[in-house]
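Take a look at these structures.
Both of the next two complexes hold chain A, though its partner changes from chain B to chain C.
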Partner chain A sequence: MEKTYYRKRIRWLTIIIGLSIALLFTVLFALMTGVMGPIGNGIPGIDKISFRAVFEILLGKGNWPDTYKTIILKIRLPRIILAGLVGSALAVAGCAMQGLFRNPMASPYILGASSGAAFGASLVIVLGLSIFGIYTMQLSAFIFAVQAVFVVYNIARCKGRTPVETLLLAGIAVGCFFSALVSFMKYISGEELRSIVFWLMGGFWSATWDKVYAIFPLIILGVGVLLFFSKALNIMLTGESTAMHLGIEVENMKRIVLIFSTLITAAAVSVSGIIGFVGLIIPHVMRIIVGPDHRILLPSSCITGAIFLILADTLTRSIIEPTELPVGIVTALLGAPFFLYLLRRKKKVKWW
Partner chain B sequence: MRRNIKKIGVWIAIVVLIGAAFGSGYVLAHYLKSPEVKEIGETEEIVSFIDGVGRTIKITKTPERIVSMASSSTEILYEIGCGDKIVGVDKYSDYPSDAENKTKVGSCYSPSLEIIIGLNPDLVITWWYGRNSIESLEDETTVMYINPESVDDVMNMIKLYGLIMNKTSEADSLVDEMQDKIDNITNLVGGLNKTERPLVYYELLKRGRSTGQGTFTNELIFMAGGISIAADEPLRYPDLTDEYIIAKNPDVIVVVSYGAAVDEIKNRDGWENISAVKNNRVYSIDTHIVTSSPRLVDGLETFAKWFHPGLFVE
Partner chain C sequence: MVVKIRVENVSFNYDSIKALENITFEIDKNILGIIGPNGSGKTTLLKCISSILKPVTGTILLDNNELSTLNRKEIAKIIGVVPQTANITFPLTVIDIVLMGRNPHKKRLEFETEKDIRIAENSLKATGIHHLANRLITELSGGELQKVIVARALAQEPKILLLDEPTAHLDIHYQLEILEFIRNLNAEKKLTVISVFHDLNLAARFCDKLILLNDGKIYSIGNTDEVLIAENIRNVYKVNVKIEKHPVTGRPNVILISPVNNGDSYV
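What follows is the complex of A and B.
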């Protein structure tokens, strides 16, 4: 018993360290990639950035042109960090939601957060609002995302309990309601229509340090809290009544998991638009690879989500220059076949 | 009971929030103004102006490296002799043909910021609705947003570019030349009253989608002596029903070149009795001449000839 426990711990530690190293290399690779090089096509008539330049700029050394510094430190770096944070947030939230609902279809968006955010953003785009300055759209998306889930939770609550079935159904209904509002906003929009469409597809082309600073604390806090609940999520898999008999305060835990999943989802969506797939598939992929125990599933999903989204975003930056593909398209195009491949190969996987 | 009150409270909160957002939106939507030009004489500033999103832009040195993400601005810059100052353009800038040789930076919705910065521009011109995707460059270089909504705005914009680029005489002569052509047309059709103007149905990409109140196209149609059947529709791009179009019985139908085919429109069920179809006045127009560029006078002339074939004999 003791021995297998240690072996498991060592295995988990190896997985986490391995994934962390992979993340580090992903970040470095992403920093090197772009039109201006070193990995990239370059612009005719303009020198590409060298590998040495990238390293020296990162370390704050050397005398390089301001253009290079701007590209590395103000365009690529915040974008990569933002993609990583969003990927982690969506993967962890998806993982927690799937565990909580004991439903493989669950995703961070299942309670209407994405539709709410979409409405918040399109409202600001169409009406040209700027009450809170240039980040009005992000703020509005965040508020409406949280609002949507808040409404869903309150509707589903009955006599102090929130049955998951009611939650799911209420989530779908509220999601439809907000989707209809988004359609309405699209209908009454003029030239802004394409801005809405682009936002709905999700992307990081407008990443800034401000956005990183805004969501960083929220996502770190949220992910931390959810990691803390991984053991409780394991027990939840045995069913709500069993969990209750095992001493879990089911309703309390449900509420906390929902609150923090929603917060990190809303934070992620507000800065990136609606990036599908990451929150649904990354937890499943990791479940196939590391097993269903949330104590390893959650942290490994967190890192893999970041790796996956950074890679996907790097592809969007370089696949059809000069226009950037919305990252949501790439995540689904890349992820779906890979996931199906895993699904076929490991048909007898124990999901729960 | 108490639970019910709570739920009602939640719903009221939503309604109030949405209502407030809409309300303040309508007030603020009108804040977006077209460029205003203010010349400041002997100071070191060459020109300062309010751009299309209400920011004050100061140009202290004639730009040497311009990225233009609005095809109409690209055209204007070429027309006033500044084509060589353009280093990057959006993917829609294809006129004059030399613009196609410039480095492409994507579209204004999803440009590659990296290419833009790599080009090291001292002026970036883009549409007001592309701001979300480029606002992070506002600290790095001069970014101006344009929002031309009328022929006057276009004229002002040309003069503004003349000031910015130190090409005022070129800009003025371009404006004069355009104004002459416009005057030729408005002298003939400007005085027409509503009943003398042919009703025009202007179709965009989709059956029934037309141009409503406050659109540039409707202004051109009016200047050319016609009147759009959707001129009073509050939506900028309303979807009109067949019933609406048939009831309005337009005298002329104009469809954009990338939209439906003229023959398809003539053969639509129920449209055979529309005056425009009966009299064979269905036309297809090259959309490049119905934009906020100097070529708008070509669009105007084309419209005028279609609307008043008797008045404009070639």
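What follows is the complex of A and C.
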């Protein structure tokens, strides 16, 4: 039996190392790929920057044209890191929510974070606010996302307990309320309608290093804290009262998991808009592949979420040149069929 | 090391409905059965003792420690709970589930050590399901699953075992097997056992002492043969019974006769 356990840990380590290597290659591939327009060696359209060029520019060596350096270091790299962070955050938050609620339909947006953020962003767009400079919209989206979940949590709280059913229902109701407000904003907007619609579809076209710096600490902290709870999330799968019998402070844990899931979701949404699918499906895909134990499920979802969103974003900026698709469209168009394929193939195994 | 439980004047309400009223008793090293009709407060009492519910008034003492001053991990090191049914619908292996019983003894990020695995294996051996260790929990029968849950409670190395109709959904073979096993535990490991029963004959067979609850109050408490008398059953359950000595075990055996109709006079 100790041997089986030893083997399991080796297997987990192999999965994590394998996925990390895959992530590294995804990043390099994404750095090489994309539209360069007229500066691409005089050839308009797609032009790959060679692997060697990417590698040497990252290390600050070699004699490559400044345009290359600008494209790699100022345009693509922050965008790729941002997509990776957002993908990780959404996948981990989704995984934690599904575990906490013991509900396969749960996603990072289930408690109204996305609708809150959408309202926050559209409010700024329509009113043309710029109290906090160019990042007013991001800040407003973040604040409203957190505040929506805060409202939901306090509505669902009763006599020191927060039943998950009430949380889910309150989340749906508050989400509908904010969605209606967003619709109202769209209705009264004129020229800005296009901006709102684009923001709602989600994307990384305005990625900057500033945004990376802003969300990096939040997401690393949040993901770290949630990983800390992986064993407790396993035990929560056996039901709340059983979890109490096994020594889990259930209400405490619920609060902490919700706070940090919400923080990373809000951080992700504030810089990228509402990217669906990643937070719902990546945890399911990983559950099929690595199993339901959160000690491997959370970290592997984290890495896979990053890989998936970086690939999807790379596709959005190279598929229709010279423009690009909103990444939310690509994630669902690619991810849904793949997920359905896995679902059919593993039909015999009850994985939830 | 036997832990003595003392329940003092415990009352509990669900909103305005009184569920328990001034329950007082004391138990160590015995098997205590809690019996009573539906809605008499059996499960509520068990939940108060396992600290899922907090009594409105009164205190519960484990030796000299008040239950409400202990945190969940400390309680889980003393009290193991076997619920009526375990609803586990995701494919973890049996050994994973049993190892969850080690949680109260572990720090948050700490992996299981060889010692934990040994303890989990011993509980699987004790319940006779060591061969299932690497099977998925979703593939087991109801009886096997309940044994896994008992093994998980044992892996906690508790001093007190609480059971809520542990054999309610099992066939007669598993019923007797699991209860015999628990009685052996009580004898060998000096484990205090408190269990809720619906089946009066199972209660009669396995319990040293009984509490008969009626409307949230203790109607009768004492040795099994003192509590399990026809008059008590008739007054509380509204059923006419005849109680005989079981020809083989020598324990009281309840033979059901008929429900008491409203027209009948009470004895």
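The rule we apply is simple: the second predicted complex is superposed on the first by the 334 of 352 C-alpha atoms of A that agree within 3 Å, B and C clash if a C-alpha of one lies under 4 Å from a C-alpha of the other, contacts with A are read in each partner's own complex, and residues count from 1 in each chain.
Assume contacts are C-beta pairs under 8 Å (C-beta built on N, C-alpha and C of every residue); 3 or more make two chains touch, one makes a residue touch a chain.
None of these values were measured; they are calculated from a predicted model.
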item	value
Chain C versus chain B on the shared chain A, clash or fit after superposition	fit
Partner chain(s) touched by A:E251 [first = chain B, second = chain C, both, neither]	neither
First (chain B), second (chain C), both or neither touched by A:E56	neither
Geometry of the superposed three-chain model: angle at chain A (Cα centres of chain B and chain C, steps of 10 degrees)	140
Touched partner set for A:L237, first chain B, second chain C, both or neither	second
Per-residue contact with chain A, leading partner among chain C and chain B	B
First (chain B), second (chain C), both or neither touched by A:E191	first
Where chain B and chain C come nearest after superposition, their Cα distance in Å	16
Residues of chain C that touch chain A when the two form their complex	47, 50-52, 71-73, 75-77, 79-81, 83, 86-92, 95-97, 100-101, 103-104, 106, 108-109, 111-112, 114, 117, 121, 133-134, 138, 152, 156
Contacting residues of chain B [partner chain A, same complex]	6-7, 10, 14, 17, 21-22, 24-26, 28-29, 31-32, 91, 103-107, 109-115, 117-120, 127, 129-130, 132-136, 140, 215, 235-237, 239
Complex interface listing, chain A residues touching chain C	1-2, 4-5, 9, 228-229, 231-232, 234-235, 237-239, 241-242, 244-249, 291-293, 349-352
Residues of chain A touching chain B in the complex	34-36, 43-44, 46, 67, 70-71, 74-76, 123, 125-131, 134, 137, 140, 147, 150-151, 154-155, 187-188, 190-192, 194-195, 198-199, 203, 205-208, 317, 321-324, 326
